[in-house]
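Order of writing sets the labels: A, B and C. Residues in every chain begin at 1.
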Amino acid sequence: MKASMSVLSSLLLLTSMAATAEERHLGPHVHGQASVNVSIDAREMDVAASLPGHDAVGFEHPPGSPAEQAAVDKAIATLNQPTWFVVPAAAHCTLASAKVSPHGFGGAAEPGGHADFDATYHYTCNTPGQLDHLDVRLASAFPSVQKVVVNLITAAGSNQQALDGTTTRVDIQQ
Amino acid sequence: MSTAQPLLRTRALRHFWPDGGHALALEDLAAARGESLFLHGPSGSGKSTLLGLLAGVLAPSSGDVLILDTSFSSMSAAARDRFRANHLGYIFQQFNLLPFLTPIENVLLGCAWSAERRKRAGGTHVRMAAEAQRLLSSLGLGAHVWSRTKTGELSVGQQQRVAAARALIGGPALLLADEPTSALDASSRDAFLKLLLEECAIYGTGVVFVSHDLALARHFDRTVALASAPVES
Amino acid sequence: MRLLSLTLKSMRQRKAGVALTVFTVALSVFLLLGVERVRTDARLGFASTVSGTDLLVGARSGPVTLLLYSIFHVGEATNNITWKSYQDIRAMPEVAWTVPLSLGDSHRGFRVTGTNSDFFVHYHYGRGNALAFASGQPFSDLYDAVIGSEVASQLRYKVGDRIVLSHGLGGANLATHADKPFRVSGVLAPTGTPVDASIAVSLEAIEAIHVDWHSGIRLPGMEASAEQARHMDLTPKAITATLVGLHSRLSAFAVQSAINDYPEEPLLAVLPGVALGELWHLVGTAESALRVVSAMVLLVGMSGMLTALLGMLGERRREMAVLRAVGASTRTVFALLVMESTLLTVAGMIAGVVLLDATTAVAHNYLLATAGLVIDQNPAPGEWLLLVVVLALGSLAGCIPGWIAYRRSLADGLQVRL
């Protein structure tokens, strides 16, 4: 939590230096593709997932019907309980916090006209040495997701692993 | 001919070679336990074939071989293997010893695959080795010879005795011998045969001895001339 | 008699053949594992060209482009990072350290990197190895230079030698910075990374040699001597790229996106491992080629091994016939043959692995110095599988004559006249 606070402060520092605070860079937004960033430092593990609204709920506009609203609520609930993210039991990790933020489903149009679900999780692991792999089952939680790009940063360095189809295993080199 | 304690019986044995044309019909043969039989016939009279049939190595085209009242035709190949290991000793014309083993080890091979024969030879390794030594000595091979490391270094006559000891160890019911003396001169041949038959008598081992040399016949209980008639298939 | 002792005695009888067969198997295993180790180590070595660095930052281009020009010294940056942006990055509270990289000059075809002395502390490669000095020390004077091992060996430089840097990257008629010669203050030990083929000087030195240059030419009438330059303001205006280390890896993605979203200047922050992975993907044909070689070695090695084993077992035909005749079952004969081929294979495998380890231990430094290849003695991950395959094939080789012996009629055994 401390880390994310300081990130926030540096973000503020950087944005305060910007003349146009409104400016926003558009990140990549590929339908069918979700991204998961995992960073591990000692016993702490941060996980950030981003998934196009199209794949989470099937539309990218403010919900216009009770059915659409229910879909958004269901997606938020699914992301809040990250059963799609499986940590080896031997690592004894506990989910310390989870935060889901939908973008583009509010009133004002987002830049780029897209809508996403972003979710961040923080885990604490008692035996991080056992953290040799992860199971990322985002594609089965949201069947419209075709590909999950996982970025991983650990003491051994960083790497990217793309999960296609039925693969869910992400190897971790400690 | 004693039929009270039959060791060996054949019934209407016929053997056809796969090439056709050539076939062999054998007169019925019988031997009692402990009896020694001299089987005589010229070359090409089917002696080796007969031995093959008696050993259960060749399967007859028709007819049957019974040893100790057990019919070969009723047994599976694996059962015949076991039966042969338990009850038969075989002396080859070529001896077929393993040159890299010691004479004692070669003799012990004779009972290596039969628990029955191991038991009869003493059961423990020490006793079996002692029995092998006794056999070799009885057959005329002194300790100074069998204590040599390699069988391959022995003379033909010495190898002959090792081969005989291997066939006899553990007292098989039947000893089959295929011209085992052809490489020996007349005097050592007679001496060897005498020793061999003495050993057979100790165990009550019956003998079927095949040779073309009629001069040997006098050592045996009975002589059978192999009067096999070639038959048309 | 125990089957094993029978096998061993029989093998002792055929020492020369056994030795030859074991040697063939050993050679096959050696080649197979050797190629596999070179393949995995080449990839691992490549993937850890930069380690311990959390982020690599440059002007916005693509991750691979950034990696190529800043780390591999291939091609050139299209844009630089302004000194002010660099200062902003350094000031971020999550950032523990930064190592600036300023490229553009060369010396006899070797690239010159302007950096600071933190480079020698924080630039790590492989499994977290820091740069080591073969001789000398980091630069302390403005006109000091540290050279990589390949530069030293190819140009036969040593500590204390004077070198003159060239403006730009090559060509005979290149403008030189002859007025401001450098002294070699240190020679780095080989690393197997592009650092071996580069020369490191301080950022200020890069500034000093360009102090009287403008737009790529030396300004006439404005020459500043090496001594004069020492007293001028040598703060760089821009750098090419920077390595960034963080206090906590947890903030890596947040800092990355903060830098990528930096509004005043289009910057690009990449995770070095991810970019290296992408680049390896591009140059991965080399690995595919090695894979093909691996497969061919497997094929040839296994054929050689099978031939040797089959030849060896053929010699035992007579023996098998004898055993069969004295009562050994077909199963026993089969077991004997499989046991022998398994024994030979295991012995060959052990010899092969020992041979490989000995070779890698002996050739380690030579390979690093000449090929920039770091060959580890650690087994490659797929090695166990390969060894299992070799063992299985070896045992299978025994099954072939075993099967023949099984099929052959016993009559064969009783009339052995081989």
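Going forward, a contact is a pair of C-beta atoms (placed from the backbone, for glycine too) under 8 Å apart; a residue touches a chain by one contact, two chains touch by 3 or more.
What you are looking at is a predicted structure, and each value in this text was computed from that prediction instead of being measured.
In summary, no chain was found to touch both chain A and chain C. Greatest Cα centroid separation from chain C: this falls to B.
A summary of chain positions shows that the Cα centroid lying nearest the centre of all protein Cα atoms is that of chain C. Note: centroid distance chain A to chain C, computed from Cα atoms, is 34 Å. Mean C-alpha position of chain A lies 84 Å from that of chain B.
One simple way to say how far apart two chains are is to compare their mean CA positions; for chain B and chain C this gives 69 Å.
Within the complex, the chain B residues that touch chain C are 48, 51-52, 55, 57-58, 77-78, 81-82, 84-85, 90, 92, 94, 96-101, 105, 108-110, 112-114, 166.
Put simply, chain A touches chain C in their complex at residues 3-4, 6-7, 9-11, 13-15, 17-20, 23-25, 27, 37, 39-41, 44-46, 48, 151, 153-160.
Those residues of chain C that touch chain B in the shared complex are 1, 6, 9-10, 12-13, 319, 321-323, 325-330, 332, 409-411, 413-417. Within the complex, the chain C residues that touch chain A are 47-48, 51-52, 54, 88, 91-94, 248-255, 257-258, 260-264, 271-274, 277-278.
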